[in-house]
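Each structure below appears as structure tokens.
Next, two complexes with subunit A in common: one pairs it with subunit B, the other with subunit C.
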Partner chain A sequence: MRAEQAISIRYFTLLGIFVAAIIAFTLHAIEMPNHLQRPEFLTGYVMFGLMLLVALLNVRKKLSMVPIGRAAYWLAGHAFFGVMLIGLYFVHTQTIWPEGGYERAFAMMVYLVTASGLAGYALQRISPRRLAAADLEIIYERIPAELAEVRRKVQAIVLESTKESGADTLGRHYLESLSWYFRRPRFFVPHLFGLQAGQHWIRFQVQTIERYLSAAERAQLTKIEGLALYKDKIDLHYALQSVMKYWLLIHVPLAAALLALMFWHIIAVNVYAR
Partner chain B sequence: MVTATIMARPQRWDAPFGPEMTDTDVERLLTLPEIAAIERGKFPNHTPLVGVIKNDSRLVRFEAGDIVVREGDYGNSAFLVVTGKLRVVLAPKLPRELIGRQSSRRKGLLEALSQIWTNRVIPEVRDTQRYTDQKLRGSATDLARSQVFLQDVPAVLVDHKTAELGPGTLFGELAALGRVPRTATIFAEEGAELLEIRWQGLRELRKYDAGWRRKIDERYRQNALKVALRESPLFQGLNETELQEVANATLFETYGSFDWHVSYKRMREQGKAEQEPVIAREGEYPDGVLMIRAGFARVAAKMGNGQRTLTYLGAGDTFGIDELWAGRDGTDVSLQTSLIALGYVDVLRVPAPILEKFVFPKMKAPPAPLIERAGRPLTEDAPMEWAVEQRFINGTKSMLIDLNLCVRCDDCVRACASTHGGNPRFIRHGPTFDHWMVANACMHCADPVCMIGCPTGAIHRSISRGAVVINDTTCIGCGTCANSCPYNNIRLVEIRDVGGRPIRDPDSQKPILKATKCDLCETNPGGPACVRACPHDALRRVDFRSGDIFRSLG
Partner chain C sequence: MMDPEKFRHDSSRYERPNLRYRCGRGAKWGDPCPLGPTTKGQCGGTSECHPAKVGDRFECRRPAYAGGPCSDGPKSDGACSQHRPPCRPRRTIRSVRGILAVGAFALVVAIIAVFLTVSPSSSRAITSAGPLTGGHANFTAKSGCVSCHTPHNGDVGGWVLAAFREDDLTPNCLTCHTFGGDPRLGHNAAAETTPRGRETSCTECHTEHKGESFDIVMMPDEACNACHKTRVDGFSVNHPQFGETFPHAQRTSIVFDHTSHFAKHFLNERVKDSAPENCTTCHEMADAVKSVKPRNFNETCVTCHGDAISSRDLVLLRLPEFSENLLDKQKVMGTCGPTLDQWNMMMEAMSGEEGDMEEMKSMMTGEEEFEPVSTEEASAVSAYLLGMAPDDPETYTKPMQEFLNRLIEEGSAPIAELIDQRAGKKVSNRLLAGLNPELVRRVACAWASNVEYSPPNDPEFGGWYGDGLELKYRPPSSGNHSDPVAYEWALFAAASQGEKDEVLVDFAEVMRKVVLSRTEGVGACTKCHAVSDDGKGGLEIEWRYRETKANPFTRFDHQLHLTLVNPEGVNLVDPSAGCRTCHTVNDQAQYQASFDGSDPHDFQSNFAAIKKETCAQCHNRGQVRQDCKTCHSYHFKPGFDLRMAKDAK
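Entry: the complex of A and B
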């Protein structure tokens, strides 16, 4: 079975289970006031349970040595129940934007965690395809070393060109403009949005200097252009892999804050409910 | 003026098997009855018998209890007993621990979970105590003398049924020529001197001497041929007598180099493929059906200036049956495709008249001819062509990553590290094609060349899952397996003691090394942790021979 089909089946199964649970849950909640019971407690504790379940994904990642289900199933559950929690939140609060500072902080956290989660999920679905299409595969931690190697090669070409031609045209251009590009990853934001700013910059630099070069120097410039285009692919990897790695630095602390608010909310509700 | 470096053209025997072999040794060996009986005149001038003995063989000495060959090992040489007595273990088999294997007990849930707190910050920590009671002679610096030995030979003789192998006995030739695992364990009962003949020499002896050829072929017919034929669907309707007739008429052939991994590695480094030997050529008339006994071959059809791979064949697969079936009424049908060796291939050729007499009358029409696959669009077969070219078809558990799904989170790497004492056993990097990557993880090959030459038998197949695993206790860190692995999937690591301090050899002051590789989480519950840890289902362990992997995975 294709991996994407498997993912779709997984989500539809979860959706089916959840819809059935929601129907049963709603029918029960509707009946609760008739028995002098408060449905907010039920919805609240279901939310609490689901939030804990969703948070367990991180624990699953630390327990790779024991067979407690494939991480792919856990992630599917994490994403699915995470989104469903928003619906449950509306049922629980009966409003989009509640009254009161604490409640608003809580609502803000719910929205931010969900939004960051959805953004991360979208990133993780789109970015791998863009990286695969780049025709280069590089391990994130090796990027600095690879960039250093590219820079070393470019500098060697520039020095060789200067030595052979006796002219410093290429060397001067390297110091004035190209060195900026080769120093570190560039065009981070354009790469994120799929823009070709890096390639455009390279073309501009080549056109700018080309007219002042001899045939031999042009051959060296072509080599530099090849390395620059190669670096452009590394920059793409750097941008996308960085975002895929570090979006969790937003999502996880927000989720932790939401959990803390939730615990405080449960304590407060139970203390003042009597 | 450009000056060229001058060197003699490399010759076949530039690297003799046993550099310490002297002319006196050769003279003595030529007087052995088994070698004296060989007709020297039949050998060509460029490959004289004396040259074969001197360069393709070596004298090895074993002390009482030394294990000469282990059941399940792969080997590229055969042995002729010169002096002394050996014993072959018939039944019951020797316990695995006794012959240097690992006892792969699977951990319980709690024990697996305990790795959270037992894993150390410093990786590759070993309790050195367990190395002290191993039954091992020699060390990594003395490879010729490094071997697992049996301490209590009399007890083994009492508890196990064995047979004696005396001077003049030849053994190990089928495993060496056929690239199949050794079928029995043989150990020295007393001090013994053996002539070890590497496969190249063995092939020459079989080729040029009728006596050796008869001996090897007869042994093969007796021991393995009928089993191989019986397993093929082609011969399943035959009774015992008919099968014997087929076996008697079957010819044995080998193609390619036994050391294919050497040229393959060169190809990967230089990006230039070497000429592959053609077993059967498109357009020629088939004189029999070809059955692969060991190794791999690709079925190819001419396409422009090259050869398009239509499929590949492995052990048990047949070639040429489409054309022979179509021509069974007497019409001449030439081969529609070529069969080309991928590395080393051991082939059985069953002559056409035998097929017409015994097989065709009982056979149903074969499925669609292989040539029909040439009608598929080129892009459909491109990933398979790549897998064949890169020899990934050898892998039974290759780590295939779908780069369209992989978010490069390294959860797989961390999962591997957490189940292997803090150090991962693979690198999430490797050759890519389209959106596929075969990562640098042991593929648990069908033809595990890494197992050839391990002096202690530390690298072996596990009984439970057939994975290729390394027994850390008997590994001497010589690097033979790592050097042989065509895919660079075995790594030598410097080990540390329980205090985290590096361990050094007292004589050489060099660090003690151990070979490490993916073991498919042999001792952990739940199968490979890398697969379970991937949150996006991007990582699979696949057998390239089980259908069209790329199409099924999308």
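Entry: the complex of A and C
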């Protein structure tokens, strides 16, 4: 525990130094025009360096075996420097919406990358807490197998019930209603927003069929209900883990496009404005 | 809670989300096969295991989490006996993300490349940082980006070089913009007192491509403080006090003593009714900016000083006292005819009186004792023209009498010849405009005959005239303020400051003092027009109102401020209102004495220096703006090159 605290202190000290340096630099850049100096190149190249630095998070994730700091710190640094970049961007351009088609495309990309990054960061902070409260842990990649297993179990219960009772009431209800639910994750959007639509649906289905079942069948139905509620938790995991992964499909390509725009911007300003 | 044992290494698959593909069955929410897809994206789950050969037999290698070794076991050729139909593997999220990222990067690069190559306008769209300000957009429309950015039309090599080379745009700016001094130096180093400082470039202060209506000349106070050693945080805060004579850096071009006029002349009962009511009676408000020009002579001064011009004559020639008469009397009489006295004597001689005949002979041959009709000195003008001391008869008698002989024979031509000689150019036609040669000849004849010239009538309308011992010019009393002859003589006198001939220098000075005398000079020109050093060793008569050249970087709009003090509605004598709110009359100033010399900077103004506190009454924090640019400009005499307009067509 002490070692972890020491590491945290070290990293946060380093982060603090970076923060102080960037704030000092920003103040200096704001002051530069007052001394007939142009801050654009200085702020531009600092932004360039920071952009490459935040882009290195992706490299860090691929080089998980190399001991270059905990991924959590990298992520924190990525988010922090990303936000600082927006501030530097305003100092660099001295406007929130520049003139010129290319500059506006660049600005739009900066805002989209930052917005998607902030949204993603918020998701990364909020979703794990909700998942931890779900009383279930499951790796995202294992969800299909887990759903298949749940589905097998439910089908086995239905078959057993049919054999034992000789009635097909539960079997037909499974085919007509429950199979839809167990076929794949359901209630994606309600789960995202913390709604209980899945559980309500299960209870409705159980209440609907319950009155037509014998006592033995009801016992089997209770088992099915238990599995359905278990699947509801898996569905919650699926929904939350999906958005935690899929937001990067927006953020990363936008960031890549921004890097491409940035490279051309650097070439253009060196040719035209230097 | 999920059973933690469920995902033990021997009871569940090892998930590899970093692989590019995942099982197609799992993607369709079926049970993923144990082997999963290959790295190339082919289905690897058509069999349930890859049997291993142990000794001479094949053994099933189906993992425990998939049910363990199957009961059928491998086939004899080592193939798995459990077959499944193949699936269609799907890309993992990570793989899709990578493709999208690379695709987005490539798409942007491709779009840039297309824009660069399709047309000049698309190329401009991808390289321009934004629209130019209105003026620049207009004047660069024809040449485009290359008007300012030289590398724009260059090849790839040029671009690479440009990327690593400082490209100073200032020379391109200077193809259209002109300044009164070096554009690269502080304040264009216009004034002698302006420190040269370091070299600057236009783009240090001016930024383009910020939109059509962007204020390209905007300059914060801090930018001024970047160079100026005395830091100013606001006019009312710590701006230095104005100079001791501010804003009067030199005496005025028109001599007008406000103090004496306010305190004495305007109160005089004789002219009281003609006196101006307020400052704007004499000063023109309509085009007042930094200076508030006085109205012209005919609108203001003429009321009281209308006759001053025609009251001051120029004495061109004056018959001096001769020590002896060296003139050939017979020749003079032959050319000019006898004088009245000579005519009477001839009449008496012809009547037969012997004594008279002897007297006439004596007069004709010059044998009688010579008594000069004049006891005066020669005029200062003729002394300079002839190069002779006006007060030494021994030296000037002979040359003056020879000059008279020439005047008798040639009229005004000898005078014109001398004037042109002294001026070094042909100016006599203007200086002697209206001078009748016959008048000169008659005056010369009279003087050669040792008698005063009697004009046929009084010179009441002005012009050239002879009167006794003098040949003079009087500006006509026609009310014409700018008399051309008086004007030319004043210029001639001023130009004599540059006389190089050592013999003539002193005579020139005397002549200048007479012609340019503030109390006696011809036409009274210099009574009101200051005679000042021209800065090149010569003298300059300040004919016109001179806008101040002092404080070239300070501006003040009188027009804006006049509306505040309402000078038209304020009585001139009210010392606390109108223009006198700021311009306080200094009663103690030796204003007139300031014009005794020719140094325009050795002066005392009629008005006390304006103090900073006067301006700070309004230009203060929270009141009227007080930033540097309110009163100061940076560039000196900014202008435009005509080529700019031509290029824009």
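Everything below uses one rule, namely that the second predicted complex is superposed on the first by the 237 of 274 C-alpha atoms of A that agree within 3 Å, B and C clash if a C-alpha of one lies under 4 Å from a C-alpha of the other, contacts with A are read in each partner's own complex, and residues count from 1 in each chain.
In this section, contacts are C-beta pairs under 8 Å (C-beta built on N, C-alpha and C of every residue); 3 or more make two chains touch, one makes a residue touch a chain.
Everything numeric here is computed off the predicted structure, so don't read it as measured data.
Considering only the touch criterion stated at the top, classify A:V54 as touching first (subunit B), second (subunit C), both, or neither.
A:V54: touches no partner chain.
If we overlay the two complexes on their shared chain A, which of subunit B and subunit C does A:A273 touch? Say first, second, both or neither.
After superposing on A, A:A273 lies in contact with subunit C but is clear of subunit B.
In this superposed model, does subunit C or subunit B come into contact with more residues of subunit A?
C
With both complexes superposed on chain A, which partner does A:I209 reach: first (subunit B), second (subunit C), both or neither?
Neither subunit B nor subunit C is touched by A:I209.
In the overlaid three-chain picture, which partner chain does A:I139 touch, first (subunit B) or second (subunit C), both, or neither?
both
Answer with first, second, both or neither: which of subunit B and subunit C does A:V113 touch in the superposed model?
neither
Where does A:E103 make contact in the superposed view: on subunit B (first), on subunit C (second), on both, or on neither?
second
May I ask you to decide whether A:I224 touches subunit B, subunit C, both, or neither, giving the answer as first, second, both or neither?
neither
After lining up the shared chain so the two structures overlap, which partner does A:K245 touch, if you call subunit B first and subunit C second: first, second, both or neither?
Both partners, subunit B and subunit C.
Common interface residues of subunit A with subunit B and subunit C?
In the superposed arrangement, which is not itself an observed complex, subunit A uses residues 137, 139-140, 245 for both subunit B and subunit C.
For subunit A, which residues are in contact with subunit C within the complex?
Of all residues in subunit A, those touching subunit C are 31, 33-38, 95, 98-103, 135-142, 144-145, 147-149, 152, 183-185, 245-246, 248-249, 252-257, 259-261, 264, 267-274.
Which positions of subunit C touch subunit A when the two form their complex?
1-2, 7, 12-13, 15, 17, 22-23, 25-27, 29-32, 93, 96-97, 100-109, 112, 125-131, 145, 149, 151-152, 159, 162-167, 200, 203-205, 209-211, 214, 220, 222-223, 225-227
Could you list, by residue number, the parts of subunit A that touch subunit B in their complex?
1-7, 61-67, 69-72, 74-75, 124, 127-129, 131-132, 137, 139-140, 241, 244-245
Along subunit B, where are the residues that touch subunit A in the complex?
So the residues of subunit B in touch with subunit A come to 109, 112-113, 115-116, 402-409, 411, 414-415, 418-419, 428-429, 432, 434-435, 437, 524-527, 529, 531-538, 552-554.
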